[in-house]
Amino acid sequence: MTAKVSESGQGARASSPAIVSLNQISKTFSNGTIALREMSLDIRQGEFITLLGPSGCGKSTVLRILTSLTSPTTGRVEWPMEQSGQDEHEMSFVFQEPTLMPWATVFGNVWLPLRLKGISKKLAHDRVMEALEMVGLAGFSESYPRELSGGMKMRVSIARALVTKPKVLLMDEPFAALDEITRFKLNNDILHLWETFGWTVVFVTHSVFESVYLSNRIVVMAARPGRVVNDMTLDAPYPRGDEFRTSAEYGDYCRTVSDALHAAMDANDHL
Amino acid sequence: MTAKVSESGQGARASSPAIVSLNQISKTFSNGTIALREMSLDIRQGEFITLLGPSGCGKSTVLRILTSLTSPTTGRVEWPMEQSGQDEHEMSFVFQEPTLMPWATVFGNVWLPLRLKGISKKLAHDRVMEALEMVGLAGFSESYPRELSGGMKMRVSIARALVTKPKVLLMDEPFAALDEITRFKLNNDILHLWETFGWTVVFVTHSVFESVYLSNRIVVMAARPGRVVNDMTLDAPYPRGDEFRTSAEYGDYCRTVSDALHAAMDANDHL
Amino acid sequence: MTVLTEHAVAVPEHSGQAVPLDPLEVSKARAAKIERQGRWILPVVILLISIVLWDRICVWNEIPHYILPRPILVYEALIADWPILSIALLNTLKITLGAMLIATFGGLALAVLFTQSKWIEISFFPFAVILQVTPIIAIAPLIFIYVDSVEAGLLICAWIVAFFPVLSNTTLGLNSADHNLRNLFQMYGATRWQTLRYLRLPAAMPYFLGGLRIAGGLSLIGAIVAEFVAGSAGSGSGLANQILESSYRLNIPRMFAALILISGTGIVIFLLMNFLSHVFLHKWHESALKREN
Amino acid sequence: MTVLTEHAVAVPEHSGQAVPLDPLEVSKARAAKIERQGRWILPVVILLISIVLWDRICVWNEIPHYILPRPILVYEALIADWPILSIALLNTLKITLGAMLIATFGGLALAVLFTQSKWIEISFFPFAVILQVTPIIAIAPLIFIYVDSVEAGLLICAWIVAFFPVLSNTTLGLNSADHNLRNLFQMYGATRWQTLRYLRLPAAMPYFLGGLRIAGGLSLIGAIVAEFVAGSAGSGSGLANQILESSYRLNIPRMFAALILISGTGIVIFLLMNFLSHVFLHKWHESALKREN
Amino acid sequence: LEKVSFGTNWVAQAEHGGYYQAVADGTYEACGLEVEIKPGGPQANNRILLPVGKIDFLMGGNMLQAFSAVEQGIPTTVVAAHFQKEPQVLLTHPDAGHDTWESLKDINLLIGKGGLNSYYQWMIAEFGFSADQVRPYTYNSAPFLADKDLGQQGYITSEPFAIEKEGGFKPNIFLIADYGYDSYGTTVETRTDLIENKPEVVKCFVEGSAIGWVNFLYGDNAAALELIKKDNPGMSDEQLAFSIEKMKEYGIVDSGDSLTMGIGAMTDERNKSFFDKMVAAGVVSADVDVSKAYTLAFVNAGVGVDLKKKLTGN
């Protein structure tokens, strides 16, 4: 482990206020599966935090709890900054599955969050097309989801999340179905947006490389019951680019994270 | 590019007979999208062939044509060995999406291919549980798909494909939703099965590393119209293991393939 | 500090070991219990209120009992004429259940047949439509010419009224099976029958059950209409005859008693169908799933 | 060499440049054309065959014309009595369409109301069931006491017959919206109305249209039954009156002519509903999609 | 014993008393018939069951349908007329100024389909009533009770009783037979081939019914009433008594010709007279051969006249 990784989560932006804290969260499903047990996590404003962990360890469940789509069985979720006018709608989500409306075109799907804010098709047009451009689907705006490949559907979902320019972005394995080149491009795009607009990003991925490339904090989880086994802050400076990917620092980080992941796996009964 | 990669597809098993050949296949969808144009590809018995290419380049379409789920607009698909008793049902498929029956349990879903062959629940039990064991879901056999995480659903789909011990296995990004450790384990399992039973595997992935680790032939495609831009045979010997992953040879291969992929992307109008 | 998840306010910091005794858990369990009871109590309360309203409307508007009798009168008629009404109810129930059974299985079988081939569907669906829209009053005599047993005739009439929703909805359902799953079955060389049995029928379940819910009520109407047009006698006569006679004789309380029995039967059938839906769908279909939040 | 994909046999090695003129393309286009025409021709042929059969059955079994008239007699009656029948048809159509409209919008509105709150649904669904199963012959007098216009009364009666399938199916459909999409809407803070408008209504479309398909025929039956029990004579009378009168006068060919008009109307309504389904669903729903293979 | 069935026009009621009486007394059995009575209803169409042999005798309405049968070539024939008078009445409220036949033209009338297609056509032709004043009658008098300015159709033996009992007043009664509608009220029809091939069966039924009616009206009818109540469990004694009383009071079954020629009597003159009225009203075509509609072969023989004398003691 290199010195650059600080285990306590006290990193570059540790001084920022927490925008949401999970406090001793547990989640037990009615069929008895304990998805999470007594998990605590503070997410600070402006962080790019990645959740990493074996399949089924509760990453998606954490995201769902953060967005109050699911309520925890015990424990509490606090949004300390809520009263200071933070609009909860300035949050965007990329689900693990594309979750597109089959009856709407690609344009209609990406337009949706704007439409829900009352923005007309005409007014939304440029922003929607810009988002589609970013994911490389500008030419498919009139297609229906069923006419798209798996990766293209996922990109529509990403475009939909980006079109609102959210303050907080939660992404659940958004790039898993994409080829590396598209993935790298989108990695850079997201990083750029994050830096430019000061977003907070909570990111789930299975790729150690991706997590290291993107995040300033990596939370490694273990499964059943899902819990945090490692919380690392990465001090590598932004903007990161291709040089970072080939740097020794990057390799070191990757190895550290990979080791942590292995340790997490060993902590499981699973597999 | 290292000497070990031979561009013509004349590799280790080049001498084996082709079990299926695509001959000048084109596929144009009714909305005008040209998914494939005049693509030709021979798949030889015993090959582990990987299709690599940008999102939306037609990889899934090729697999669908191979399984006659889709018929090409022009061109022909030949199965030269068909009359020699090759049972077409000894083929298994992992779709890009999990494609599980929501009304059946995990067990029921994995049992399906056996059930369709008339094998009773009791007789199938051991084989189903073995397949579930392999993907680490033995404890979830009575769960319903909606109670699983994204990665777990995909693993059920993989178990369903493996349970029949197929002669030909077609897998469309099977491991995209899995963490690296599970992924590595399943990589090794598949390789082991492939070697033991002399399977033919057609594999789609977005991971250059995975493609190099697994395949003895990599076909790189470019998008719109989808076509083969590179067809490489990898001579690295099997069994491959962790040593292979850290070998210089591996790194070389990865770089070569990655370059080919970049070249393919540049050949696109896309992005 | 603003708290998003409601229950958090009331709950003090706790260790989490005491999960089963957690006040939060308790309050959740209480809510669940209220809901469970509410599902029964609320409709009953609303029904009671509407009965009171009915009574008040009769009184306030001085509606004479031969137009709209007060509930108490109906109740008295129900009690007094129970021996007659109960037999009529039984007879009607017999036809209703018979019609429901053949409508269910007939509709299902036809739907399966129709989805076996597009051409069969195209060719024969018009006949199903014709059967649906033909007024049974017009063809009842034809039926009774060729069918000897009155009961069988009644069953046929009631079936004609009830089968279409099952047929139509099930056909729709069978055609709505997910295409990826269909591909999977095709891939594995599933036979037509296997695809039907393991894929299309389960996928059609929600639609089929929806059709049943409609057909349940229609079977009842069918049984009643059939009796109207077929005019059966004596011991075999059902609620329709009671309604007809009571209405002709201006014994309106008794007519309403018969109507109430019909309504009650309809509701029981509906609840039964809902229960069936729950049994078959609660494990997997959106419409019946209890999602956990 | 065994060839899996059928069409390949006939096709020689070709360069692929000539895609539009490709013989394969041509044969595909031909198949598509045959299918398109078959959709219309086949049912017509089958109908014609069944008319011939009907005629033969009448002749072979020497069925007297007052039981089952031969088609030619019916045809003659249809021509001869067209002036009367066409007016009756128009009147029936008026009620049918009216009933269909209010059944559609009423059923839809009720379904929307019911899905707004589980409690509303639990409380008021029983009333819908009661309305569905109440024989209109029994409540027609009540309706006519309080409704002056005969036409309005008929509409109400026909509506009672037809609304339930729309209500029931739409409720089912509204409850079947994908949960992940519901979560998405919740996430984006969609209002109730927005969720309804942009998510639940589109998701319910296939079910709603399925309900409409059933309700279309039922509206027609409703219009006829309503006229049977409550229709008056004179200028407003419809096909039911024709059937009753013909049957009273034992003019069975004319009765069958009226029945055929009803069947025809039913089929036209059904086709219309199918067309509607196609228009709304062919872009995305399994049941209406033409998958490309 | 030969099995035959007889279809009536409504669920069992006093208006079917004679037939039930003959069954109960064994009158039919005595001449070799086992009769099954099949009750009908307002929507039930028993007519078509007669020519095809599903039933052997039918309780027909008035003579109009017999004319239609001839017109349509249906092989059925009227063999007896058990109601000498059409029991159809029109009813109005007593104190609303609608006390004359003429005044009926000014109000809406609740008329059922059957009436609309028969006597009402005659009322239009003969008196200038209009189709537009007709409102649907659903065999329920509540709408009438609710509106003083409505008239409605009725059966002399049924609706007036219900109205009196529930509405608490005696309605004005206009017996249409009194205004010239001189059809026989209810008839017995049978298949022509039965008349030709088994005249003894027809004879037995017609005469047995005549005796049944005599016994029912003038003798001990308890057994028949029991049978009626068994077939129609809701029927009240009060209603039965009222119906019988009205049938007697208005001479529905037994008046005029039947007093001397026996119950069921028919004459050519009356049928011709009614036919001419219907032709004038445009309800029937003039081409119809009236004489084919009925046969006098089984009636007018004075069956039961003696029995009546014995029972009534004069």
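Each chain carries a letter (A, B, C, D and E) given by its place in the written order, and its residues are counted from 1.
In this section, contacts are C-beta pairs under 8 Å (C-beta built on N, C-alpha and C of every residue); 3 or more make two chains touch, one makes a residue touch a chain.
To keep track of the chains, here are their UniProt names: A, B = ABC transporter ATP-binding protein; C, D = ABC transporter permease.
Nothing here was measured: the structure is a model prediction, and the numbers come from that model.
Between the contact lists of chain C (ABC transporter permease) and chain E, the overlap consists of D.
Judged by contacting C-beta pairs, the busier of the interfaces D-E and B-C is D-E. Rounded to whole angstrom, the centroid-to-centroid distance between chain C (ABC transporter permease) and chain D (ABC transporter permease), based on C-alpha atoms, equals 20 Å. With centres set at the average Cα position, the gap from chain A to chain D (ABC transporter permease) is 48 Å. Averaging Cα coordinates per chain places chain A and chain E 87 Å apart.
Looking at chain A, one finds that residues 29, 69, 88, 97 touch two or more other chains.
Among the residues of chain C (ABC transporter permease), those touching two or more other chains are numbered 67, 137, 142, 145, 178, 228, 244, 247, 285, 289.
Among the residues of chain E, those touching two or more other chains are numbered 43, 45, 47-48, 52, 138, 140, 142, 146. By the touch criterion stated above, chain E contacts chain D (ABC transporter permease) in their complex at residues 43, 45, 47-48, 51-52, 65, 68-69, 71-74, 111, 113-114, 116-118, 120, 131-132, 134-136, 138, 140, 142-143, 146-147. Taken in their complex, chain C (ABC transporter permease) has these residues touching chain E: 64-67, 81, 83-84, 87-88, 137, 140-142, 144-145, 228-235, 237, 241-242, 244-252, 254. Taken in their complex, chain D (ABC transporter permease) has these residues touching chain A: 178, 180-181, 183-190, 194, 198-199, 202-203, 205, 283-285, 289.
Residues of chain C (ABC transporter permease) that touch chain D (ABC transporter permease) in their complex: 38-39, 42-43, 46-47, 50, 67-68, 119, 122-127, 129-130, 132-135, 137-139, 142, 145, 164-165, 168-169, 172, 175-179, 206-207, 210, 213-214, 217-218, 220-221, 224-225, 228, 240, 243-244, 247, 255, 258-259, 262-263, 265-267, 270, 285-287, 289, 291. Those residues of chain E that touch chain C (ABC transporter permease) in the complex are listed here as 11-12, 37-49, 52, 54, 138-142, 145-146, 158, 161-163, 165-167, 230-236, 239.
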